[in-house]
Each structure stands twice: as C-alpha cells, then as structure tokens.
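Chain IDs A, B, C, D and E follow the sequence of writing; residue 1 opens each chain.
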Amino acid sequence: MNIKRDISTTTLSSFTLSAFFVLTVLSILLQNIPQKLFSAGDSLLKLNSDQGVANAVTTVVVYFRGFDTLGEIAVLFIASFGIGLMLTSQTHGDKNKVKSNFMLQLGARLLFPIIILFGVYVMTFGHLSVGGGFQGGVIIASAVLLMFVSSNHFHLSHRVVEVLETFAGISYVMIGLIGLIVVDSFLGNFLPHNISQLGLLLSGGIVPIIYIIIGIKVGSEMSLIVQNMLQRSDND
Amino acid sequence: MSSIYFIALPLLFGFATPIFAKFGKNGIAYSSVLLQASLFLLSIQLFVTMDKSIIEVIAIAPPLGIALILDNVSIFFVMLFTFLVLMGSLYYLKLREKNPYQNEAKFFILINMLLASAIGLVLSSDIFNIYVFFEIAGISAYILSAYRKTPKALEAGLKYLITGAIASIFLVFAIALIYLHLGTLNLALISQGFTALESDIKLLISLFLLIGFGLKVEIFPLNFWVTDIYEGSDAFTDAFFSAVVVKAYLFVFFHIVYLFLPHKEFTLFLLYLGAVSMLIAEIVALRQTNLKRLFAYSSLGQVGLLFVAFSMQEAVSITAGLYILLAHSLAKMVIFLSLASLFEKYKKEDISLFKEMNSPFLRNIIIISMLSLLGIPLLAGFVGKFLLLKSIAFSGLFVLLGLLVLASLIESVYYFKIIGFMFSKEERGEKFSLSTLQRAVLLTLTLGIILIGIAPFLISDFIATASSVMIDVRSYQNLLLGAN
Amino acid sequence: MIGLILLGTFIAVIVIAFVAITQPKLPDAIILSMGVGLAAVVLFVLFQAPDVALTEAVIGTGIGSLIYLMALKHLGEQK
Amino acid sequence: MRIINTLLAFLSLALLLSFWQDNFSFYVDLALLGLHGVVVGVKTSALSNVFALLIGFSWLMVSIASFASKKNTHSTLFLWLPILSLALFLIVYTVDYLLFFVGWEVMSIVSYFILAPTLTPKALLKYILFAMASALALLMGIVILYSGAETLLYIDANHGFTLLSQQMKMILVLLMLFAFFVKIGAIGFHYWLVDSYAQADDLFTTYLSAVLSKMGIYGLIIFLTQVVDIYSLDWKILAYTIAIIGVTTSVIATFKAIKEDELKRLLAYSSIAQLGYIVTILAIAGGMGGVLYHALIHTLVKLLLFINIASIIALTNRSKLSQLGGLIYRTPHSFVLLLIGIIVLAGMPPLAGFASKYLVYTSLLDAKMLLILSAVMFASVSGFLYVYKLIYGIYLGHPTHKSLESVDEVSKWYLIPQYIIALLLVIIGAFPALIVPTLNTVLVQLHVAPIPFETSTILESPLGAYNGFVVMSAFAVIFVLVLFFVWRVKSKAKNVKNRFDIAYCGEEPTSATPLHYGYGMGQELQRVGFIAIIWKQSSASFYNALTLMLFSLSTRLRKVYTGNLASNFNWLIIFAIFLLCWGLE
Amino acid sequence: MIEGILEYLNQTEVIKTIVILGSMGLFFVGLFGLLSQRHIIKVFISIGIMEIAVFILFIGLSFQKGLTAPMLGDAHTSFVQMNDPIPHAMILTAIVIGMAVLALGISFAIEYYKLTGKNRLDQMNEMKH
C-alpha cells in the first residue's frame, strides 16, 4: 500500500469529521461505563429454568421474544423474494463457465451429505446445544452453494423449494395463532414443556418445533438467494 | 378479536401466496383486497367495542415480554392506515389493466407487509420490537420503490436502502446503550428509568434516536435523499410512502419523545427544526417542474408542520397535529393516485401535464385536495392549521408563527401555479376518464376531506381523547406494567 | 489473560478493517472484510456468546462473502 | 341557472329589508371542536344591515343585467355567484373573527374560480397570491389577537388587544392593515387589482368593484373601531398615516385613470381613487358618517357605470376609448344614464355625489387636516378629467369605425338596473339626508358622533348644511331654460348631411382622418413633473424584484438537495456533531 | 512485570474500556469508509463493519468476566452464574436482518450496474435536479 498516493480532500474531510464524531461519542461512553445491574436477562434466566430448554438464548429468541423472530423471518422472506425479483431478469448468456475439474466434483459429492447432516443437527438440537434454526438453515444453504460451485448445471427446482418455504411459513404463523386460541397469548407455549424431560428432542414445548420450522424456511430461502445470486434459473 | 391479527394475517397471506396464486391471474389481487377490507372492518369493530386501552400480551407479560398496546391514539392510526391501504389497492385493481407490475403477487405481499409493519410500529411497546418493524417497513419500502426496475427506480431503491441501513445502525446503537444502562427494553420501564441517567448518556441516546428516526421521518438536515426516492419510484407507491410510512415513523418518534425525552430545550429545538424544515422545503419546491418531486417537497413541508405540532407537547397542539396528519394523508393519497393514472395516460411527469389534462372530474378532485393541503376553510386542512397557529400564539412563540405563515404563503404559490395550469385555455386532448371503481375511491377520499372540513365536530371528541392519551405517559406506564 | 487477547484481536481487527477500506483492489478488500468477520467471531467466543459467534460465522462471514464475491463478479473493477 | 340566481338575489334582498328592524342572533359554542371557550356566532347589527343591503342590491342588479346576454355566456358566474354572496353575507353578519376569516377565504377562493376562465395565467396568479397573502396575514393577526383573549368574538377582541405588548400591537396592526389594504387596493397593493378587474367577466367586474372592495372597508371599520379604538389619543399617529395612505392612493389612482385608454382599467383606477377617499376619512373622528355615506354612493355609481360599460362592450365588443365614439345618436338612453353616473362620480352639486363629497370635505375640515383636505380636493377636481374623457370617448366625438353607426340601442335588460340606480341617485341628490337616520343608528352602535339631522332634505354637518331640494330645483329650472333655448335655436340650424363637410384646418377631411381626438384628453399632462413620475412608476418593479429574489433563493437552496449520498452523510455527521457540542455545554 | 500487566488487564473495568475503545475504533473505520469511499461494494463493506462494531460493543459491554455462556452444559446444571441471554438474542436477530438488507442492496447494485454500467455513488445521477 503506497503511502504517498494523493490523499484527496474528501478522504481528509471525512477522516476529520468521523474522527471528531467518534471521539466525542467515545468521551461520553468512557465516562459512564455501564455497571452490571439486575437486568431483564437475569429474571428471564430464572423463568427459563422451568421451560425445559437447555439453551437460554434459544428460549429468549423463540419464545420470550418470539415476536421479533417472526418479524425477522418476515424480513428474510421479503429480502429473498426481493432478490429473486431483482436478479431473475436475464441469465447473462456467456456460457464460458470453466468446467470444474473432477477432483472438485468428487469431493463436493462426498462432502455434501456431511454438511447437510451437520446443518440438520445444528437445527434440531438448537434448544439443547449451541445453534438453532437460522444457523442450521444457512449451513444447509452453504451445502447447496457447494453443489452449485461443483457442477455448472446443478440447480434446485423452484417448485419444491417454494412448497417447503410456504409450508414452513404457514405452520409458523399457525402455531402462533393456535397459541393465541389455546393459551390466550400469541406464540404461547401450549405443548407440555416440563423440566423432567430435559435433554429429549421435543422437551421444550413449541420451542424446538418452531426452531426446526425456522430452519426449513431459512434454509430454503437462503438457497433461493444463492441460486439467484449465481444466476441459475430453472431453464438453463 | 385481538389486535395481533393486524400483523399475523398479512404475514400469513404473504407466506401463503403460492396457494392463492392457483386461483387464476387476479386471484391474488382480489384475495389481498379482501384481506385489507377485513382488517379495516376489524379495526372498526375494535374501535367500536373499545372503551379503554387493550393490552395484547405476546408469549409472556410485558416487563420481560412484548405487548401490543391498543389505545385511542393507536386505533386512530390503525384505522387510518387500513383505510388508506384498502383505498389504494382498490384503486390499483383498475390501474393494473393498463400497466400492471410484473409478477404482481409480490407487489401485493409488499403492500400488505408495509401495512402490517406500519401498524406494528404504532402498536408495539418494546423498543427492539419497534426496531424489527422499522426494518420490515424499511425493506418492503426499498423493494417497492425499486419495483419497476428502471434505472431511476433502481437508483431510488439503492439510495433508500443505504440511508435506511445507516438509520438502523444508529437505532441499534441507541437500543444497545439503553439496554446497557437501563437493563430493560420495555418502553414503560425505560421511561421510568431514563430520567435517572446522567445527562451525557441521555444526550447520546436521544441523539442516536433522533438520527435513527430523523432519517426516516424526513426532518430537515436529514431529508436530502427523500426527493430522489419520490421521483424514482412509481407515483402509486409514493402515495403509500407519504400517506402511511412517514406517518408511522412520525408517530413512533413522538411516542418515544413523549415517553422519555420530554425535557424542554430538546423539544424547543425540535420545534424550530420543524419550522425551518418546512420553510426550506417550501422554498425549494417553488422551482420544481417534475410533479413527483414537487409533491415530495410539499410532503417534506407538511412533515415539518407536523413536527412543530407534535413537539409543542400540549393537548391542543397534538389535536391540531392529528387533524393535519389526517388531512395530509387523505389529500396526498388522492393526489398521488390520480397522478399515477395521469402519468400512465399522458406519459410525462412535467407540470405542463395539467395543461393537456382534459378530465374535469380529476381536475376538481386534485384542486379540492390541494386547497385542503393549503388550509383553506371548509376543507380538512383548515381545522388543524388554525388550531396549531392558535396554540403557538397562545404559548407566545410569535417568530415561529411568522415562519409558518410565510411557509404556507410560499406553499400557496406553487399550488396555485398548478391550478392555474389546469385552467389554462390551450386546447386539450380527447376526454380522459377513469373507471367507475377508481372514481368511487377518489370520491370517497375527497368526501372525507370535505366532511372533516365542514363538520370537524364529527370526529373532534375522538381526536381530542386520542391526543390526551398520547401525551399522558403516566397511564401508559401503569397499563403496561400493571398488566402482569 | 482474556484482557490481553482482547487487546490483540481488537488492534488486529481495526488494522484489517482500515486496510480493507482503503484497499484500491476490490478482491483483496473483500477478503480482508471477511477477516474482520472472523475476528468478530473470535471476539464473540471470548465474550461467552457461542450462539452469536456461530451466527456471525455462518451468516455474517459465510453468506456475506458469497454476496460480496457475487457483487464483485457482476460489478467488476473500480472504474 | 340564471333565473335561479336572480331569484336568490331578489329573495335575499327581500329577506333583508323585511327583517331590517329586529335583530336576530345565533351563537355556537365550539368547545366540542377542541377549541374550548371559542364561541362563534352570527348577529344582525345596524352596520351589518347596511353592508348587507349593498351586497343584496348589487347582486340583484348584476343578475338582472345578466339577462341581456345570450344563454350560456356567464355559466361559471351563475354557478359561483350565489356561493360568493353567501360568503359575503357571512362576513358581514358574523360576530367573531373565525367565521370572518372563513368567509374571507371562501370569498377569495370562489372569486378565483369565477376569474379563472377569463384571466390570463399571470394576472390570475397575481390575484390569488395577493388574496392568499391578505388571508394569511389576517389569520396571523387573528391568532395573535386571540393569544390573550379566550373567545374569538369582537367584544373580547379589545380585551385581548390590550393584553398584547406594545411591539406586538404594532405588528398586529400592520398585519391587519396589510390584509385589508390588499383587498381595497391601496397604493402599494393594487398591483393585482387593475388586471383582474380589466380582464374579468364584465358583469363580475361590476360585482367585484361594487362589493368585494367594500368588504375591505367593513373589515377596517370593525378592526379600527372595535379592536383598536382608533379615535383615542394614543392612536393619533396611526389615524394620520391611514389618512395619508388614503390620499396618496386617490391622487395616484386618479392620474393613472387619466392616462388609461381601456374602459375597464380606467374605471378600476377610479374605484381605487374613490376608495382612497373612504380610507382617508375612515380614521378621522367625525369621518365615519362620511365613510358610510360615500360607500353607499360609490357602490351605486360603480354599479351604474360598470353596467353601462358592460352594455357598450357587449354592443360593440370594443373596450378601448380610441375605438369608440359618437354613439350618442345610436344609444341615447345609455348616454343619459352615463351622464348621471359621471355627475355623481365627479361629485357635482345636483346629484348624490356632491352630498357624499360634502361630508368627506366637512369631516376633514372639522378634523383640521388641511393639507390632506387640499390633496383630496385636488384629486377630486382632477377626477373631472377622466370622467369627461369617459363620456366623450364613448358617446360624443366622431365614430371611429363604420360599424359604430349601424349599432342600435342596448338591450332593455341592461337599461332597467341602470334606470333604477339613476332614479335612486336623483332621489338621494334631492333629499340627501334621506338615508342619514339609518346611518345614525349605525354610528350610535359604533359609539361615534352621529350626523346632525332634522329633515330629510337638509344635509347638515358640524360646519354647515345645504338644502338638497333647493339646489336640485334651481338646477332643474336652469336646465329647462337652456333646453328651451336650444330647442328654439335648433329649428333654424341646417341639418348636416355629411359629417365631413366641416373646415378642418384647410383641407377636406375624409373618413381616414382621425376626427375622434377627444379620447386622448389629458395626455399633455405628461409635461407636468410629478404626474410624469406617477405615470412612469409602477409597483410592478418591486414585486418582480421580490419574486426574482425568491426564485434565486430557491435554486441556491436546491443545491443542498444534491443527489449523491456522500454529501448527505457528511451533513448528517455535521448535524450530529453540532448537536453533541450543543448538548454537552 | 508481565504478570502485573496481565493482572491489570484482567480487571473488568479495563476490559470494558478495551471493548469500548476497540469497537468505537472499528466504528470510526466504518464511518470513515462510508464517507470517503465511493464504490458501492466499498460502501456496503463499511456499513457491514459499522454494524459489526455496534454488535461487538453491545455484547462486549454486557459480558461479565466471571459468568459463563447462557446454556446448560455438563458442568452447569442450573441457570445461575450465567451471562444475560437477551443481548445475544437481539444481536442474533440484528445480524440476520443486517445481512438480508445488505444482500438486497447488492442485488439492487448488480441490477443497476447491468442497466447503467455505474458502480460508484457519485455517478448515480439518473434524476436531473
């Protein structure tokens, strides 16, 4: 990086502006560093002890603040079909994609099931160990990305992915509505979720179910995004 | 019938569109209009049956969980938003025959998402939840503005997105600081704990909130990007931007300001910021020839006026603010909807379009809505403007009064320039008439403007209670915290 | 012990970020910004936040890199 | 549509006259509109009855005259005229400033819609911008006035006014005066008035000049007497300045009228001049009687003149003095009517004009404002010029065009209203004090000294009186004698067959020679110093400079709204830093 | 001497200052990039860096040295002595939303580049002013 290149006025002005702004913010922050105080988190931890879910973050994400996650799924849903809207205009014609060599194809075909398995594990055991719907879904999408890279004419059939996605979306909102009817609060936990069965797969009531549904939805959406990004549509 | 349906049903509709798509080409259009009509009826039913504020707990009780508060103010906004979106999509049903959006299903999802997130912003009582709805509304607005995929639309979408991302960064920064120093995300607890903070941190948090929301509420130093968005995107989507989206952000911003930033010199600063932003927006609007850009500046002006009304923090000025907001939303909806069909017919977006326009129905409708924006008596705009000026004079800020009156004088210059074009005597093309449904929609909106203008007492007690509820922080806190 | 590691990673991440921003060649900038993502994952692990670390790793850096590389593929060099 | 309009006009006038005595009031409390404490109401008072009479009468006259033209020429006029008159009645009858403002705005907007089809875009924009400026100034004034007082009623206005600080009182007075002067067309603000009068629909100009400018006078009366008790000592300077503004308006307008060649512009300037007289004596202690009297007479005269002009324009569809001439043979009736009109306009003795001028002069004399009195006399005397020019240009002199000779009498629908008004003017001329009792009831209500009154024929003023009837009969006798003498001489005169066999400085005039020279009367005033200045100067230059400045400001400000995002974010960070520093200290 | 430094660095106060300084430094770099760079990808990268800086600040300041991750593991059988899970949940959502928005932005930029061949901010002036 040659230091001597001409530092134009814009970089200089922006440097000083942002430096001044950040310094003032810094001075305020340093003066009153936040002390540990009895925050909402601790009371949530106590509440969590009888939820039958090992991973406190998962219960918070899915159950206690489930509404945010619903919103977030909406954001992902809009983003994915927005990207789909934007990028499907025309697959640019140059077909001179390099033919991936054999080693890559073999390796990819070997690795694909393993990554998918890892993704499914992360998704289903979200409430017992680290991870959850989002992370699992994206890992599955990265597996799909691997297959895209390895062979030129690999593509997901749009119909299957869409069915998966709509099924997951509808069931998520349905669970919320059933919660409203049964437990008289939207996204209420209407399934039995006592502490005794901690460690079993379905021990957290609706928490694991929702996380798996989120996993399916995120997985399908992300793979759609990847497919659109790589400009592969059904016809080629 | 709880208030959660306003958000759950559009979401369900969004996720389930492939199923609706099977009912033929316009299956989705009609089902979406049906959905919006049912939401509007739900809001009316809630309004009728609601004697005191309703709290809708989600998952667990408020101090830790999220709850949706439905009091007089939010029911006013919910009814307004559902009504406007219903009118808009009814209008679109006929507009789509001439130039439909390609793969329309997505367009209707976006409109419903916009509606759901606007209502979510109004109802939510948890600051991180407000951030999530802030994002949903933002992202559906970005795609809506870039929907036509022309270079202009894409540039508008790109600029809107980058500005929105910056706004959300500052908002997350503010939420982080709030949580670190107060340990809670619930608006009521924040407002109770906020005064105990040191003044520095309070300043920092209020600054970041002001920037985060200010960018979206289009207040003066932060609204340089707005006119490009209006000019780039479609006139039809502009109607939703200026009538629904900006109003939701405005309400949330002032809801937060009343809850935990009510100290005096900050609101005084907001007051003059609003007045300056109105004046500058009106002056710049003088020389505009592109119609969308011109009405964008007039929206900036009206938002400045609303800023003044709401930051006066008295019941009378908030009533005035709600009146102005109602009149402005109705008028802008009418103007942009008629512009959408005019642009489509006359293929040009210049002011001289009105010279060629030969449709007395549209001409009268646009004139009525413009006069109401100006605040001419016997139309909806006058009630709010008069109340506002009276409360400003009552609190003795005569310089501010002069600024506002000067700004509305300048505003009348370019409005009457357009009306003058309408009456210009050049020969006009052949007669251009809308379909009956479109005429019905525009007629109902204009009827609303005239009715509020002539007989404001029909809704005055409802708006008076709404404004008193909005300002009354104590009962909001008891409601929210007393729920569990 | 944790303070020292923190200090090191922070200094490293700031340097990487600055180089990434001011780097004229785009591919290197994108690779460096992935480095920033990785450093963030390390930091989150240090802060006892495994969930966030995994998300940042998979989404922030994984899909993030895909997006930027796709952008590079289509947008091409700085004109 | 036309019949409905006339019926409505007749109904309103009949209703007005029948309910003249008993006052009727109707109050509405606007508490439910969130304006707790604001009471809005309508109440008949003597003053409002007088002005309502003006409105109703001129509405009736205009609608009668409108029968003359073909079926659908004034279609928009009849659509909006009832609404406009309703708004005017609202202005006149209301008791509080909120409804006054509502009426005021509706008046400007409705007359905008009436003017829109006929005016040029530039004139239209000028009209509406001045109307909006006056309305907004009025709104600001009302709001400032009531920042102290609770209800918007006139009664509380004075109380609210006294609460204001001295500086705010001055601002309030300036705003209100600006609002009303724009409507009257005082000297700085008549920029829009002449164009819109000239280009408007002929009949609507009648209504405009007869009634709409009176609303400005009504507003001034209400403001000056009820809110600012103008006659008290501390407002002496204000009264004097108003008088000076009135005088300058009338002087300048008179001379502008002299220069004018186009009919309607000439009459527009003359109505500004007449209103100038009213404004001069408005602020003077004894002047209120003269104001009302002159307002009444001026309305009648303007109705007569404008209907006459409208009939001539409709007949010959020419509106320039230089193109008319010699119509006396073709249209004797309108000639006589116009003659009566200009006698009243000029204020010559036998007819009503003299009575109102007399009151104007005596009240000025009584208030010892001699300089202003001399200026007013100078203006009214030089008024003779344009008055003579008017009648000569149209009826006397030689017809400038072949078609003028084949024209026949104006349709009877035009003549009927003119005859009614002419009759009224003659009666008032003979019995000048006839209307004084009704005016006195108004003056008493306004707590102002009434005009001394005994019999209806003698018009008294503090400084003297004159018996209208005696003057009228004297003139009648002389007139009959002269007529008899002319009649006898005429029988011996040789009837001139060919209009051109007159000695015209040595050569034989043909149809090409411009014989109709009289219309140019008054052009040589150019050589007089200050008149030349008046003719050259115009307030247009000031307003053009204003708009140019505003437009350049707008283009410079638009630079701020640049497209590229980077500058937006720079501004954002600068704004954030500014807030931080401002917050920290 | 080294233990002294290590000891000093381990105090909670010092850790929090390091976190603040580090994350605000990163925020500064992001902000500087935003203001100075014109290429669209560079702008998105700097927005990403600003976002990460805010997230690190939030998680860093809510981290208590002695507490463990908010999960039951082999050693921890009850929810005591654990870090506060709420910031983790919020940041988890915020990262996903941030990435969705950036992905959308990049697709806008790609489409815009295809139509107009412009990939720099200061070139974007389709609308005459």
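Definition applied: contacts are C-beta pairs under 8 Å (C-beta built on N, C-alpha and C of every residue); 3 or more make two chains touch, one makes a residue touch a chain.
If you're wondering where the values come from, they're calculated on a predicted model, not measured in any experiment.
If you take chain B and chain E together, the chains in touch with both are A, D.
The central chain here, found by comparing per-chain C-alpha centres with the mean of all protein C-alpha atoms, is B. By number of C-beta pairs in contact, B-D leads over the other of A-D and B-D. Look at where the CA atoms of chain B average out and do the same for chain C: the two points lie 38 Å apart. Between the CA-based centres of chain D and chain E the separation comes to 72 Å, rounded to the whole angstrom.
Centroids of chain A and chain B (each the mean of its C-alpha atoms) stand 31 Å apart. Taking each chain's centre as the mean of its C-alpha atoms, chain A lies 16 Å from chain E. Shown for chain E are the residues that touch two or more other chains, namely 21, 25, 31-32, 34-36, 40, 43, 55, 61-62, 71, 83, 86-88, 90, 92-93, 96-98, 100-104, 108-111, 114, 124, 127. Counting partners per residue, chain B has 128, 132, 135, 139, 142-143, 146, 149, 159, 162, 166, 179-180, 185, 200, 203-204, 228 as the residues that reach two or more other chains. Within chain A, residues 10, 13-14, 17-18, 21, 25, 28-29, 34, 39-41, 44, 55, 57, 64-65, 68, 71-72, 75, 78-79, 82, 86, 89, 130, 134, 225, 229 each touch two or more of the remaining chains. Under the contact rule defined at the top, the touching pairs of chains are A-B, A-C, A-D, A-E, B-D, B-E, C-E, D-E.
If you check the complex, the residues on chain E that touch chain A are 13, 16-17, 20-21, 24-25, 27-28, 31-32, 34-36, 61-62, 64, 70-72, 78-80, 82-90, 92-93, 96-97, 100-101, 103-104, 107-108, 110-111, 114. Every residue of chain A that touches chain C in the complex is listed here, in rising order: 1, 55, 57-58, 122, 130-132, 134-135, 138-139, 141-142, 145, 222, 225-226, 229-230. Residues of chain A touching chain E in their complex: 10-11, 13-15, 17-19, 21-22, 25-26, 29-30, 33-34, 36, 39-42, 44-46, 48-49, 54-57, 59-61, 64-65, 68-69, 71-72, 75-76, 78-80, 82-83, 86-87, 89, 129-130, 134, 198, 225, 228-229.
Against chain A, the residues of chain B that register as touching in their complex are 2, 4, 8, 11-12, 14-19, 56-60, 63-66, 103, 106, 109-110, 113, 116-117, 120, 126, 128-129, 132-133, 135-136, 139-140, 142-143, 146-147, 149, 179-181, 183-186, 198, 200-201, 203-204.
Of all the residues in chain E, the ones that touch chain C in their complex are 5-6, 8-11, 14-15, 18-19, 21-23, 25-26, 29-30, 32-33, 36-37, 39-42, 44-46, 48-49, 52, 55-56, 59-60, 63, 65, 67-69, 71, 83, 87-88, 91-92, 95-96, 98-99, 102-103, 106, 109-110, 113-114, 119-120.
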